[in-house]
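As structure tokens, here come the structures.
Both complexes shown next keep subunit A, but they swap its partner, so subunit B is in the first and subunit C is in the second.
Entry: the complex of A and B
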């Protein structure tokens, strides 16, 4: 297991490097994008040049990347001129809010999806199977922001039973929990849909294998048999869970924007409209690195649970 | 090339002179072409027949077709201007006289906006999928055949792009390129290239070890010819099935970008942008406000169902 862990961690390092290169390139491919927001139209060429010099934008690209990476590794992601704050300060503040939303959404979406997928997979062709099929198809096809708008209109506008915006803990725990309901619902429907689909397919697949026949033949109760099926079917579900958490982090841009949830997503949205690219860059880097780490944890978890995965690596 | 095709000498008469070899090449190609086209014709017609027997898939395909036709023939279907509204006719409900789908917050006819908007939204669904299928397949097949340093480098680069949540990568690319439909299409294409490349690469790896590829190689076909005539047709099935499931996703990502202000420039109607601009009206005219979102949803459901049906229709042969 230790060897598997070391191999997996070793594989994550080059990926993280690649991520940093892509994030760096994204914000530097277009001329002028790096200093956008600091330069205005009425500046003279000399003033612009001074700003470019100060930011080190006249250095060759690889050198600039190394500078940027060195700073980033020390927690310095630049200074947002619009916000008059360090980008990392802004991100740290927003980070925990997004994490709360993403974790609650992931737990909710994955557990409901797992449950529905299990029911559908073990009772193929039944009513619950068909309902799950329709639900996961809708979940896959409905844009989260559209769902968010509908939920807002119904529960915050029409019925007035839930708040429309994000609340912080100073407004009381109850208020904070209530303000989570709508964002979690709109963000996690797709998580639920995909988890249900994958779980169902995996259970159907495992239920048809020979060892299940053997278990039944040796007289195990149906409950026991299903326990064995679930344990063997869980691996693909875990794989998608990692991807789902990443999707929730990325999708936070839309959900947080609609519910005014003070997280990374809302930060990215306001930064896009203000052309504050350093904030977009910083947030993209942090979310992508988190995504890689989440997948690493999922990989390790999978190797721990499933000996077949462990064997494939070592 | 000279020493290998001994086995096939009898079949194609490959001799020792250059002219003989060229003649043998020509005849072999002819034979291969005749065989594969005959095979693929029956495969596609069988697939098509199986697809037609799937009622859900047919309904979904018809909906897609209607949406596409509606977008193409928008000016013939409605005479209303999608950009020009009458301020006196703001926010009319569905079914109002002269406005089947009502009017938006500026009094513009919603039916016209949905139809014309379908042009941009469907374009944003199809073009990135096609582009990514083309580029991703090229990368995947190349990596699958060459392997070695080039193959590894290509696929590791794909892994790095894959390390981003899809929607975040699209947003980041869109933000760095700036708003506009073209940039949205580029952003979504970039997001889709790595997964298509993965599908193509794993299909290629599966195909290259099979006997007919070995046979083609032994009969003297070069790497490029093997790739084109033996590997590609067999990889394409996987890619087509996978790509068909991406169209709906592409539309949703593109709509998300324009919802965030990164899509096509207003006032051009695009479903995501329309949804955003009607967002504030949801308590005043809920039905009208939901129209653009409904069409995104409908199109996406139709594409997903059609894609599932296509997968089933193609799978039963494998």
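Entry: the complex of A and C
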């Protein structure tokens, strides 16, 4: 298993390298300029050049990339002139905020999705199956920002029973839980919908297998049979969950903006808007590493749960 | 049988750990001090950093800069009847030479920075060196770039004695007191202790509020400076939250999380009035005045075409679409601004006249297609999407096709820096502009001069010797009334020549709860918070 983990991490290195190059190139072909927010429009050409020099924007592109890469390999992600802070500081703050939201959203979305998918898959054609179908389709169809604004208008602006957001972890556990409710509901809807659909499909597939008939023929209780079905059906659910958790940990611009939750999505969005290359590069690296690690964990988890997968991975 | 924790349980445990870790760092702000706590939902995407100058444009000055710091001069923002103008502040008086090139400022005595050190001539010189002298140990390249426009005409500066500073300008320049209202003074000892890069975490000025909490991206808390030198500050505390999304700002207000919301959606105004909120609106120096690309055809040397498009705009209709949170512009500055000219009538909505002028300009309906670049958002841009759709329809009504080119705000700013003559932007015929039109006379330079003060050509290619002469003369009059006489002349020329698309003025919409008292909405982007109180209705 350790060998597998090391191999997978090794495979991630070229992925991270490639991602950083693509992001660097994309940022450089965007219209607009990094110094735009730092200078006034009646500066002299020399003043503009001075700030471009300061930001390293006058160096050739490959050299700028190599500088960034060299520093990053030594753990220095640079200093954001636009935010006047170390990039690593910004990333730690944003990632911690996103992690809280992502973990709660993942637990909520995956648990509810798993439960709904299980009920629907084991009771095909029943009312709960149909309700789950409608719920999961709605979850996939309703844009999260639309749901977010409706939830805000109803529960914060209208009923005034929940705060409108904000990462209020320093105001106590109760306030933290309350401020998480609306962003989690908005952010986890898609996760719930996908998990429910995948779980249902997988359970329906496994439930039709010969071994299930054999288990029933052996006289196992229906509870025991369903436990076996679930265990065999969990593999695709884990795979999609890994992707979902990775996406949640990357942050959602819309949910984070609407709920004033300063996480990775918002950080990357504002950095792209300000052409803050160092922050975009650093954040992309962190998101990519997170994605790779989450998927590695999911693969290992799958191998741990399912001996067939273990054989394939080894 | 082996037992193991389920993945879900592991997640829950991890979550609890993270939340508890967050709670462990709890730093409650405590009860609001006397005068109350004013919680504000800003429209900025982030907390303006408390540098000198701050970022986030004039929103940064409004909420952070003017509260933490003072300038040698200040705008009298505590009244609504006139355009705020420079008044004594950290400089209690000044004199200037007859040729307006040498200024001597007497500094106020007994003023302390928030860290307890004394404000004096050394602190002034320290800041000028920090922003202008590249060889100075504490030179701050980034702040220097942001502040460059304010130092445009500084030639030299020196300390005469502990309470006297002399500034020499590169040319006769009567508007130095305007520039000085935007130059703030940090405590030199704090800059020296933490360095320029870490200064923001420890910002210390002489202003009416001290920065007592600053979490970048989340909130800033400003607490009353009980030793403030100018007036007793009534308001106890200000808490700032960034929220660029109008619907979310509205929810924050309605849920009671804030007492003050910047620019809610215009559609919400009527409902908010019914709910008892105070709707603040008033004329102030902010307009949407798109710029014609005068570097080339069709607008270069084609006055009639520029006039035709000005007559084609249904400004009343645009205002109605915005629920009248803005109003039609008759010229570049608003009626009531001292630069406003009454000599030249503005452009009414007259489709027939517009069509006739279009034909005179050499275009039959359907022959002219224009590309207009505009921002998709950004603080201070009013409501670009709605407005641009209306403009497109207005131009279509006279047979002109408009290609809308939505862009990020950063890109629009970049175009303003590069100019429309730059190859990558030369396909743009009209460029969105949202100037603080007339807030400070110094603000006209970049948009009106043939060459911007830094030497670069006017970004839209506008070049009229009459305007250059009037603007230059205005900046060289010691007498304020004479300055405005020249500025009115400049406005006359701009209006007669239809150098801009004179479109809309903003009314500075903001909403405050009924328990906010003593607020004065000045004719400015900036606000005086010292006399506000928050308490029972």
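Rule of thumb we're sticking to: the second predicted complex is superposed on the first by the 258 of 314 C-alpha atoms of A that agree within 3 Å, B and C clash if a C-alpha of one lies under 4 Å from a C-alpha of the other, contacts with A are read in each partner's own complex, and residues count from 1 in each chain.
One rule holds in what follows: a residue touches a chain if its C-beta (ideal position, glycine included) is under 8 Å from a C-beta of that chain, and two chains touch if they have at least 3 such contacts.
If you're wondering where the values come from, they're calculated on a predicted model, not measured in any experiment.
A.B. asks: Return first, second, both or neither, reflecting whether A:152 touches subunit B, subunit C, both chains, or no partner chain.
C.D. replies: The answer is both, since A:152 touches subunit B and subunit C.
A.B. asks: Could you say whether A:282 touches subunit B, subunit C, both of them, or neither, answering first, second, both or neither?
C.D. replies: neither
A.B. asks: Could you look at A:160 and tell me whether it touches subunit B, subunit C, both or neither (first, second, both, neither)?
C.D. replies: So A:160 only meets subunit C here.
A.B. asks: Just to be sure I read the superposition right, which of the two partners does A:100 touch: subunit B = first, subunit C = second, or both, or neither?
C.D. replies: second
A.B. asks: So, does A:21 touch the first partner subunit B, the second partner subunit C, both, or neither?
C.D. replies: Touch partner of A:21: subunit B, not subunit C.
A.B. asks: Answer with first, second, both or neither: which of subunit B and subunit C does A:291 touch in the superposed model?
C.D. replies: first
A.B. asks: Report for A:139: first if it touches subunit B alone, second if subunit C alone, otherwise both or neither.
C.D. replies: Once the two structures are laid over each other on A, A:139 reaches no partner at all.
A.B. asks: Touch test for A:249: subunit B only (first), subunit C only (second), both, or neither?
C.D. replies: In the superposed model, A:249 contacts subunit B only, not subunit C.
A.B. asks: Looking at the overlay, does A:111 come into contact with subunit B only (first), subunit C only (second), both, or neither?
C.D. replies: second
A.B. asks: Looking only at contacts as defined up top, I'd like to know whether subunit B or subunit C touches more of subunit A.
C.D. replies: The partner making contact with more of subunit A's residues is C.
A.B. asks: Which positions of subunit A sit in both the subunit B and the subunit C interface?
C.D. replies: After superposing on chain A, subunit A residues 33, 149, 152-153, 157-158, 257-258, 273 contact both subunit B and subunit C.
A.B. asks: Which stretch or stretches of subunit B touch subunit A in the complex?
C.D. replies: Residues 156-157, 159-161, 163-169, 171-173, 175-178, 248, 252, 255-256, 259-262, 272, 275-276, 279, 282-283, 286, 289-290, 293, 296-297, 300-301, 304-305 of subunit B touch subunit A in their complex.
A.B. asks: Spell out the part of subunit C that touches subunit A in their complex, as residue ranges.
C.D. replies: 7-8, 11-12, 14-15, 18-20, 22-23, 25-28, 45-46, 49, 51, 55, 141-142, 145-146, 148-149, 152, 197, 200, 216-219, 241-245, 247-248, 250-257, 407-411, 413-414, 416-418, 424, 445-446, 452-456, 459
A.B. asks: Going by the contact rule at the top, pick out the subunit A residues touching subunit B in the complex.
C.D. replies: Going by the criterion above, the answer is residues 14-16, 18-19, 21-23, 26-27, 29-30, 33, 137-138, 140-143, 145-146, 149-150, 152-153, 157-158, 246-247, 249-251, 253-254, 257-258, 268-269, 271-273, 277, 280-281, 284, 287-288, 291-292, 295.
A.B. asks: Touching subunit C in the complex: which residues of subunit A?
C.D. replies: Contacts found on subunit A: 31-33, 35-45, 47-48, 50-51, 54, 79, 81-85, 90, 93-94, 96, 99-100, 103-104, 106-107, 110-111, 114, 149, 152-153, 156-158, 160, 162-167, 169-173, 176-177, 257-260, 262, 266-267, 270, 273-275, 301.
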